[in-house]
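Heads up, the next two complexes both have chain A, just with different partners, chain B and then chain C.
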Partner chain A sequence: MMIPRFQWKSLAVLVFCLILALLPWTINPFRVRVFILGGIYAIATTGLTLFMGFTGQISIGQAAFFGIGAYTSAILSKVGFPFVFSFFASGLVAAACGLIIGFPCLRARTFYLAMATLAFGLSMTIIFKNWTSLTGGVSGTGGIPAAGIGPFLFDGFISYYYLVWIIAAIVLFFAYRLTRSYLGMGLRAIGENEVAAESLGVKSYLFRLISFLICSFLGGIAGSLYAHLDRVIAPENFTSEESIIFLSMAVIGGLKSIYGGLIGAIVFTLIGEQLRSLDRAQVIVVGGLLVFLVIFLPRGLVSFPEKMEKLVSKLRGETSVQKIP
Partner chain B sequence: METVIQQIIFGLTVGATYALVALGFSMQFRAMNLLNFAHGESFMMGAFIGLFSHVFLKLPLLLSWGITMAACGLIGIIIERIAIRPLYKAPPLNLFICSIGIAMILRQISNILTGAVSYKFPATLGEAPVHLGGITIVPEQLWVIGMALLLMFAFEQFLKKTRTGKAMRAVAQDPYTASLMGISVLRMKSIVYAVSTMLGGAAGILYAPLAYVTFDMGLWNGIKGFICAIVGGIGSIPGAILGGFLLGLIEQFNSSYITSLYKDVISFFILIIVIAVRPKGLLIRSKREKV
Partner chain C sequence: MEEVALLKTENISKSFGGVMALKNVTLGIEKDKVTALIGPNGAGKTTLFNVITKMDSADSGKILFDGHDLSRLKPYDFAKLGILRTYQRSMPFGEMTLLENVLCGGIPASAVGWLGGFFRTKKAMRVLERDRQKAVELLQLVGLFEKQGMLAQNIAYGEQRLLEVARALACNPKILLLDEPVAGMNPEESLEMAKLIQRISKIGLTIFVIEHNLDVVMNLSDMIYVLNHGEIIAQGEPNEIQSNEKVIEAYLGRKGIWRAAG
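What follows is the complex of A and B.
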């Protein structure tokens, strides 16, 4: 029996949205905060997936853009700008930093780029810690006003939950459209064979730069949402360990699908929550999971159904049929 | 003038340990096509194993050196066997991500075992400064530079003179042809991983008296080792050594004459500039990739 795939997919998306919409009413407020974090991480990780997935590049600097967005939003809101303004400003400032760093670094590829972005992330942590007049130094910035759009004030966990997930949904829809756009096709072509893509008129450097800017923009707006969640931020939230966690989320979820970032962020946040009792051993489990998944599920959790399908047909003794994508 | 010479000596001291880390990076990159994020952790392991055997078990220094290098080599072989070997046929990105996972595990194990405390490693030749015609020298610095140069020399001889070393170079050059010549490529890769972990461990135990030993020293020093490898040209052994000494000197002059607060920011800035201008490093001429 063969059920067409797309039905499964749309059913899954529908069920997922329904669960998300009803979730905050069934669990206690503290747990709602975990799911808000999941949504924020999903936005930042989707950016990373867009940049890394198609072209096979690596960025270990997403937490730096996350931090730049968070600080921009915090500072602007404290001065008195409305949330909507500081929200978009944080994305734009992060994208501007992405331009400054991406312009020279994107000449390099894969590993070199990974290390350049890592160096950028480490430098940003040092700057967050030491530029005391702007960022409040090691102890961070507090007293950030609650997010509000017009007369609505998102000061409770439940209302903020809806705000974050609506933005996440918009971002995901945008990402979905992007993969089917000229830009997305070009990026995919670069990932397949860069020289061939260039010969067909795809400007590799420009395309990669644009996708890096989108990646940093999404990191920035996720950071803005993060700043208005607890209304206090500190440099330790934006270290390179965080960047590695973003990278792990993207890889565990799966880089080749736009849902990878979403799935990775939710799974990762939930695992982190479940393992909280393990305290420091948590990182060991996460690291082990990373090694395990890279070896046994190299295309991430999104490829899990596919893998199961293959396994089942193997157990049944059917010969595998090459699927045309 | 005297202070400048002192700065140079101190820069070379730190640079020597960076160079040892960079050597391991370069070797793994060339022979295994692996950019090992976990390589910095071998530095941390070396420092801690050395600390454990020399300070807590009170073993003589040379014996603890032996124990450190042997233990690091063994850990390297185990890691390679469990986590790296299943991925040789996978894309290099997966290998890189896998090494991030390994680094997380190693660092956190050390965090739990040592309790996130900084330890002091006693200096080998003493830290009392010696005055030599207006120049003040700490004997420890000479020990570090001397040992590092000795290790580099021994390593070079190993690559050039021994059968295993030659086989390693053959695998780095062309794994397929090497396998036709009867060299077991898998075994060579395992040895490369073990040897580079040993070099990292030796760098760790050398660096230990210069600063405190902490569980997170691996990340920073690993990244600096990588910067050196990149600046010199990854895959090139003289490049790694040159890069190490260069970065040590730059850091030293920078922290004493410009800013010590943003010392690392400037090192990273150098990395970014080198990557942008000469992506393949100073000593390697860029080649167009064949289609």
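What follows is the complex of A and C.
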């Protein structure tokens, strides 16, 4: 008797949630920070997946939105606004920047759009470094107050861990909803075949712009969470190199699935932590891994079970695996 | 009897570089009829379709739909007006299931579905449920009901073409432009498609079809236009076209040449 696929899936999600919930009590508190980072990156990468994976475009500017969110949240909190306000404000400011950038740039596609977003990322780094009165310049800005909702302060790693992952879960839930809605279906249609989608009446430019706004909004709120983690931020955290890391996370995890960003972010952050001793050489290892995955798992780590399933049935000598979901 | 043309082109011309692809093409597609456009390869048939749906812009001339000028519209505006087209090369959304493919026809129509579907409001869920039922019915119509859960990239080529027709029908078209619907199909698949076209035209849909397969065209159409070197060289009912000298010449070459050769 086969257990239907969807049950496997919900079981996997349940186990995953359980592991995440118990994790901070079983490991060294200092390592909890790594998993907080994983959660923050998961939010930003999910945004990128929604834009890149569904519409089939490329953005190398996610770190800029991440930075805009972080600085917005830092500055507002230091002025005295509550965390909840600066959290949403950082998302909205990033989305507003996304609108300003996306409005002209999204007329370009694929590689040309990649160039445009890269240029945006590079110029944002320069702004972060040189608008000293606002951002604190090269040395960045510190003394950001701890995140707090009402009287409760998230000033320890463990409490902050739960805050970040609850927000990540909400983001993933809405991303899942999005893929099932007409908006998500329109995005997928454009990604598959823009000409066919337009002849069905889908305004592809509008759809791409909306998904770019969602992408930058999620980048912004992830940045806000990042700012309140170490409570100090500097321009070097938001360079185009970081954008490429976001891009790699999305690709490694799997662009066509909403869980891709999550898995890519966790795996990437863990690998980065393990290879910390290698210093700059870790780029070589990560690069090699990326090449390996693109060749053997082009649809990302999320397609791993599917690939294994195929391999197993091949080994059993079964022919023609026609899957009917 | 007065003829009612639903879609009309007036003096459409289009050239690519030095090549005149269309020369003063004027034709009218009558409501609730099947109109066919035939002609040898390179006659400009697909170009005319592209010009009508603004995939290409005409150099001169006018396109009228129900009396409205279409020349200022964008490709995505046509579905809303009820003008749907399919392409010579099949373009299903390969990584979606058949049901999802057909559901895509409802994307632009339901503004409530956008944010409403996101937050799952009651109204949006009702719309979605209604659209889903309609999509299932359409899949039944084209005979793909059993395969609704499969990915579009995993079904046969002929089935993909049928799927595309279903997807276009989901947009509630008034007129359907079919670009070589049976191209590359085997005889059985062609017959299936021809039957489908007949069935949907009987529901009360205007159909404008480009086709190479003359057997299919002669059986299906109420009216035929023949395009050669960008010009309409003949028009009329199937039996008139079959005996038209100019058409035979365009397809088979000049009689004199045959005589000389024979």
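The definition used in the following text is that the second predicted complex is superposed on the first by the 320 of 325 C-alpha atoms of A that agree within 3 Å, B and C clash if a C-alpha of one lies under 4 Å from a C-alpha of the other, contacts with A are read in each partner's own complex, and residues count from 1 in each chain.
One rule holds in what follows: contacts are C-beta pairs under 8 Å (C-beta built on N, C-alpha and C of every residue); 3 or more make two chains touch, one makes a residue touch a chain.
This one's a predicted model, so the numbers in the text were calculated from it and none came from an experiment.
A count of residues in chain A touched by chain B and by chain C gives the higher number to B.
In the overlay built on the shared chain, the residue A:195 is in contact with chain B and with chain C.
Once the two complexes are laid over each other on the shared chain, residue contacts for A:290 go to chain B alone; chain C is not touched. With both structures placed on the common chain, the touch criterion links A:174 to chain C but leaves chain B unconnected.
In the overlay built on the shared chain, the residue A:248 is in contact with chain B alone; chain C does not reach it. Contacts of A:34 after superposition: neither chain B nor chain C is touched. Of the two partner chains, neither chain B nor chain C is touched by A:146. Judged by the document's definition of touching, chain A residues 195 lie at the interface with chain B and also at the interface with chain C.
Considering their complex, residues 56, 58, 101, 104-105, 107-116, 118-120, 122-123, 126-127, 130, 195, 240, 244, 247-248, 251, 280-281, 283-284, 286-291, 294-295, 298 of chain A touch chain B. Chain C meets chain A in the complex at residues 53, 55, 75-80, 84-85, 87, 91-97, 100, 103-110, 113-120, 128, 149-151, 154, 164, 167-168, 171.
Chain contact summary for the complex, chain A toward chain C: residues 174, 177-178, 180-183, 185-186, 188-189, 192-193, 195-204, 256, 322, 324-325.
Chain B meets chain A in the complex at residues 35, 83, 86-87, 90-94, 96-98, 100-105, 107-109, 111-112, 219, 223, 226-227, 230, 261-262, 264-265, 267-269, 271-273, 275-276, 279, 289, 291.
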